[in-house]
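Below are structures written as C-alpha cells.
The same chain A turns up in both complexes below, where it pairs with chain B and then with chain C.
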Partner chain A sequence: MNTVVAGITYRALLGRRRVVLLLLLPLALIALALMFSFFGGGDQRTAVLLMQNFAIGTLLPLLGLIAGTGVIAPEIDDGTIIHLMSKPISRPLVAWTKFAVAASLVAVFAAVPTYLAAWILVGNEDGIAAGFALGTLVAGIAYAAVFLLLGVVTRHAVTIGIIYALVWESLVGSLVPGAKRFSIQQWGQTVADQVVTSPFFEAEVTLAFAVPALVVVTVAAVFWAGRRLRVFSLTGDE
Partner chain B sequence: MSEIYDIGYRHYDGPRLGRHHTVLALGVHSLRGVFGLGRPARSKIMPFSLAAIMMFPVVVSIATMAMIQQRVGDYSGYAVVMQAVVAIFLASQAPTVVAPDLRHRVLPLYLSRPVTITEYVGAKVAAMTVALFLLVAVPLTVMFVGDLLVDMPGPPPTGEYLGAVTMAAVLAVLLSTVGLALAALTPRRGLGVASVITVYLLSTGAAPMIYAALYESGYRSAGAWGWLINPFWLVDAAQVWLFGSTAHIPDGAYPGGPAPILIVLALIAAAMAVLSARYRKAASQ
Partner chain C sequence: MKIELSQVSRWYGNVVAVNDVTMTIGPGVTGLLGPNGAGKSTLLHMMAGFLSPSGGTVTLDGAAVWKNHHVYRDIGLVPEREGVYGFLTGWQFVLSAARLHGLPNPEEAARKALATVEMEEPKDRRVETYSKGMRQRVKVAAALVHDPGVLLLDEPFNGMDPRQRLHLMDLIRSMGTAGKTILFSSHILEEVERVAQHIEVLVSGRHAASGNFRDIRRLMTDRPHLFRIRSSDDRKLAAALIRDDSAGGVTLSLDGLEVQATEFRRFARLLPRVARDQGVRLHEVSPADEDLESVFSYLINRSS
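Moving on to the complex of A and B:
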C-alpha cells in the first residue's frame, strides 16, 4: 500500500460529480427497499428477491465495474498515468494499492447499503441482511480485481465489463446450467447462503468450489494487473 | 453568410456552400465517428460487432420462415427483445460523439465559425439518432424483405412492420437525446459509458420490482406505470397505443391512453434542455 497513490486515487473517484454515480446505485436500492416496506411487501421472499435480482444482480457488477475500472482507466485514458509510472514505485505495488482502493469503495457503496436495504425489509431475520452483505462484499472484491485487470488490459474496459456482466452472468448463466459455476455473482450467493437460513434462498454452487474460485480469481487478477503494468506502454489516442 | 478564414496567404474563390453545409459536415463526421469510420480498426470492433449481434434474430427468423413456415418473434417486439444490445451500443458510442470535443476544449473553436450551439448540439443528436435508427431499422427491414421473399401464407404484416420502424425512429430520438445528455456531463469516455449504462440498468432492474411491489399490495393500475421507467418499455407502450400491437412485458399491461407518448416527448425536451445548458457552459469556458 502506498498511501499517496491511494489518496490520489480516492480523490479522483470521489471528487466532484463522479461520486454521484457511485451514490446513485445504493440510493436506488435503499429507495426500492423503502418502497417495498411502505407498500407492505416486507416479507422474506421479497427481501431475497430484491437482494438476488437487484443487489447482487444489478448493483454489484455495476459498482465493481465503476470502482474497478475507475481507479485506473481514466488515468490511462488521458495519459496522466505516465506521471505515476515514472515514479520509483514498484508497478505491482501500484496495482495492489489501486485494488485496495477499489475494494474499499465496493465495501462502502455496495455491502453497507445491501445490509441496510435488507434490514429495512426484514430486520435481522434468518441472517438475510448479514449474509447478503457478506456475499456482496466478497463478490464485490473479486469484481474489483477483475475489472481493475480489464482496465489495464484494454481501453474498452467499461464496455467489455458490461457485456461480461450482462451477457455472461445474466443471460448465459440463466440458460446454460454449467456456466453458473463460472460466475462471480453465483460465488457471492454461495457465501451469502452460509449465513442466510431463510427457506426462500438457496445457492447453486457449492462452497468448496466458490471460495477457492473467489480467492484464485481475485489474487490472479491483481497479480496479472501488476505484471501488465510492468510492461505497460502508452499508445496514442484513437 | 458563410465565411472563409482569409489570413492573407491565398484567396479562396471557390463555391461557398453556406452554413447548412457546415452543420451537415459536422453531423456526417459525428455519424462516421459513431461507427468508427475514419478511425483505427479497434474503434470499429465494438459498433460493428454489436450491429452484427442485432442481425442474429433476423437470420434465425428468416431461416425458420423458410424452413418450417413459422414466424418466430414479431416486428413490434424486436427493439424490446434486443434492448440490452441497443443499450450497450448507446452507452459505448454516445461518449465518442461528445467526449473528445469537451475534453480537448475545442468548443470555442467550433463557435468561432458560423455554427451556433443549437446547430452543434443538433448535429450531434442527429448523428446519434441516425446511428441508433439504422441499428434497429436495418435488421427490421431485412427481416421484412425476407418475409416477403419467403412468401408466407396470408397477407404480409406490412402495417406492423411500418409501425415498428416508426417506433424505432421515436426510440432513436429518445435514446440519443437522453444518452448524449448523460454522456456530455463528463469529459471522460469511461465515465460516460458507465453513467449511461447505470441509468439503463437501474431502470431495467427497478421496473419489474416496482410493478411487483405495487401489484401485490393491491395498487394494480398504479403498478402498470412502473413499466414506463424503462425507455424501451415506454416506447413499446406508446406503440401499443398508436398501432395496437401487443405489449412485450413479462407480466401485466401498460397504462392505456396517450400518457406514454407524452412522457417520451417530455423526456426528449428535458434531455435537450440539459444538453443545451451543458454546452452553453462548456462554450464559455
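Moving on to the complex of A and C:
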C-alpha cells in the first residue's frame, strides 16, 4: 500500500459528485428494507429475496463497477495517472493500492448497508444479516479486483462492466445452471450460506469451489492489472 | 546524465511514427524541433518510459528506460496533457509528488519547487481554478521536486502567456547551465532557438538534422528557395535570370515568375542587379515557401 496513492484515490472518489453514485444504491437498499418492514413484509422470505436479488444481485456488481473502475479509469482517461506512474514506485504496487481502496469502498458502501437492510427486516435472525454482509464483502472484493482490471485494460470499462454485470451475472448466472459456478455473486452467496441458517436460503455452489475461485479471481485480476500498468503506454494524439 | 537512443523506431500497425532514430541527449538544453505529427511526443514518451520502442533501445546512463520505474529517481517528466488533479491544491499536488518520491523532507522540497516556478502565492488554491499557464508551472514544480538530473518537457510553452513563457525559458536555461540534461519538444523554431543550445530536428518520424541553432539556421537558409516575382517585363527578366547559375529553374506564368534559387545569398544579390541592367521594374518579390513546413520537408528530402 502506498498511502499517497491511496489518499489521492480516496479524494478523487469521495470528494466529488461520484460519492453520490456510491451512496445512491445503498440508500435505495435501506429504503426498500424500511418500506418492507413498514408495510409488514419484515419476514425472512422477504429479507432473503431482497438480499439475493437486490443486495447481491444488483447493488453489489454495480457498486463493484463504480468503485473498481472508479479508482483508476478516470485517471487513465484524463492522463492524471502519469503523476503516479512517473515516480519510483512499482506499478504493481499502484495496482494493489488502487485495489485496496476499491475493496474498502465496497465494504463500506455495499457490505455495511447490506447488513443494515437485513437487520431492519429481521434483526439478527438466523444469521441473515451477518451472512449476507459477509457474502457481499467477499464477492465485492472480487468484483473490485475484476473491475479494476477492466478499468486498466479497456477504455470502455463501464460499458463492458455493465454488460457483464447485467447479462452474465444477473441473467446467465442465475438462469443457466452450469454458468452459476462461474458467477462471483453465486460464490458470495455460498459464503453467505455458511452463516445463514434460514430455511429460505440455500446456495448452489459448493464452498470447496467458491472460496478458491474467489481467491484466484481476485489475486489474478489484481496481479494482471499490475502487469498491464507496467507496460502502460502513452500513445499520444500523433 | 545521458539519454541514448539507438536505432529507435516505433510503429502503430502500418503507421511508422518514429523511424530509426539515433541520438544522444547530454547535459544542457536540447530542443526537439519538428512540425506537428512529426513523432516528437512519441519519441519523448519513449525517453520517459511511457512507450516501448518497436525497435532499438532507449537508455538512461546505460540502464533501459522501459519497464524500469527506478529511472524516475532521475527523470522529471512534464507531459503535454494537463494531467493534474483538479481537486488538489497546487501545494498538495507538488507535495504528493515529493512524497511519492519518498523524499526525506517533502514539505521543504515542495516549497522550494513551488518557489522555483513562482507559484507560492496561489499554491493553496485548487488546481482547477488555475489558468493553463499556472497548471503548466505547477506541473513543472512537481517534475522538479526531487531535483532530477534529467527533465523532459513535452511542448512546455503551449498555452502560456508571453511573460510566463519568458520565465519558463529562463528557468530551463538556468537549469541547463547548472548541468542538468533537459529536453523539450516544440514546433516553433524561435522558441527552440531562444532556449536550446542544441537542436534535434524530427520530421515525419525521421531524425532530419542535428546541431546548434546556427547550424540549423544555416541549413534552413542555404536550402533552395522559391521566389515569386512580378515585374514590368517578366519574360525579359526570366531570360536574364536563367543565365546565372544561382537560378535553378524559372517558370513563367500569367501571375508572374517563379524562380527556384539554388544559392540563396548569390541570388539575393543577383536579382536587383539583373533587373537594373535590363531596365525591368520589380513590383513584387516574395518567398513562396518560407513557412516551416517547407523548411522541414526540404530537410527530410535532404536526409533521405
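For this structure, a couple of remarks:
Assume the second predicted complex is superposed on the first by the 233 of 238 C-alpha atoms of A that agree within 3 Å, B and C clash if a C-alpha of one lies under 4 Å from a C-alpha of the other, contacts with A are read in each partner's own complex, and residues count from 1 in each chain.
The definition used in the following text is that a residue touches a chain if its C-beta (ideal position, glycine included) is under 8 Å from a C-beta of that chain, and two chains touch if they have at least 3 such contacts.
Only a predicted model underlies this, so the values are computations on that prediction, with no experimental measurement involved.
On the shared subunit chain A, the superposed partners chain B and chain C are arranged side by side without overlap. Counting the residues of chain A that each partner touches, chain B and chain C differ, and the larger count belongs to B.
By the touch criterion defined above, A:157 lies against chain B but remains apart from chain C after alignment on the C-alpha atoms of chain A.
When the two structures are aligned on the shared chain, A:24 is found in touch with chain B, with no touch to chain C.
In the superposition on chain A, contact is made by A:78 with both chain B and chain C.
Using the contact criterion defined above for the overlaid structures, shared-chain residue A:89 touches chain C, although it does not reach chain B. Of the two partner chains placed by the overlay, only chain B lies in contact with A:66; chain C stays clear of it. With the two structures overlaid on their shared chain A, chain B and chain C come no closer than 10 Å at the level of C-alpha atoms. On chain A, the patch touched by chain B and the patch touched by chain C overlap at residues 78, 238.
If you check the complex, the residues on chain B that touch chain A are 39-40, 42-43, 45-46, 84, 88, 91-92, 103, 185-186, 188-191, 193-195, 197-198, 201-202, 204-206, 208-210, 212-214, 216-217, 219. Chain A contributes residues 2, 4-5, 7-8, 11-12, 15-16, 78-80, 82-91, 230-238 to its touches with chain C in the complex. Residues 17-18, 21, 24-25, 28, 32, 35-36, 39-41, 46, 49-50, 53-54, 57-59, 62, 65-66, 69-70, 73-74, 77-78, 155-159, 162-163, 166-167, 171, 238 of chain A touch chain B in their complex.
By the touch criterion given at the top, residues 12, 17, 36-42, 45, 48-52, 67, 69-73, 75, 77, 79-85, 87-88, 93, 96-97, 99-102, 142-143 of chain C touch chain A in their complex.
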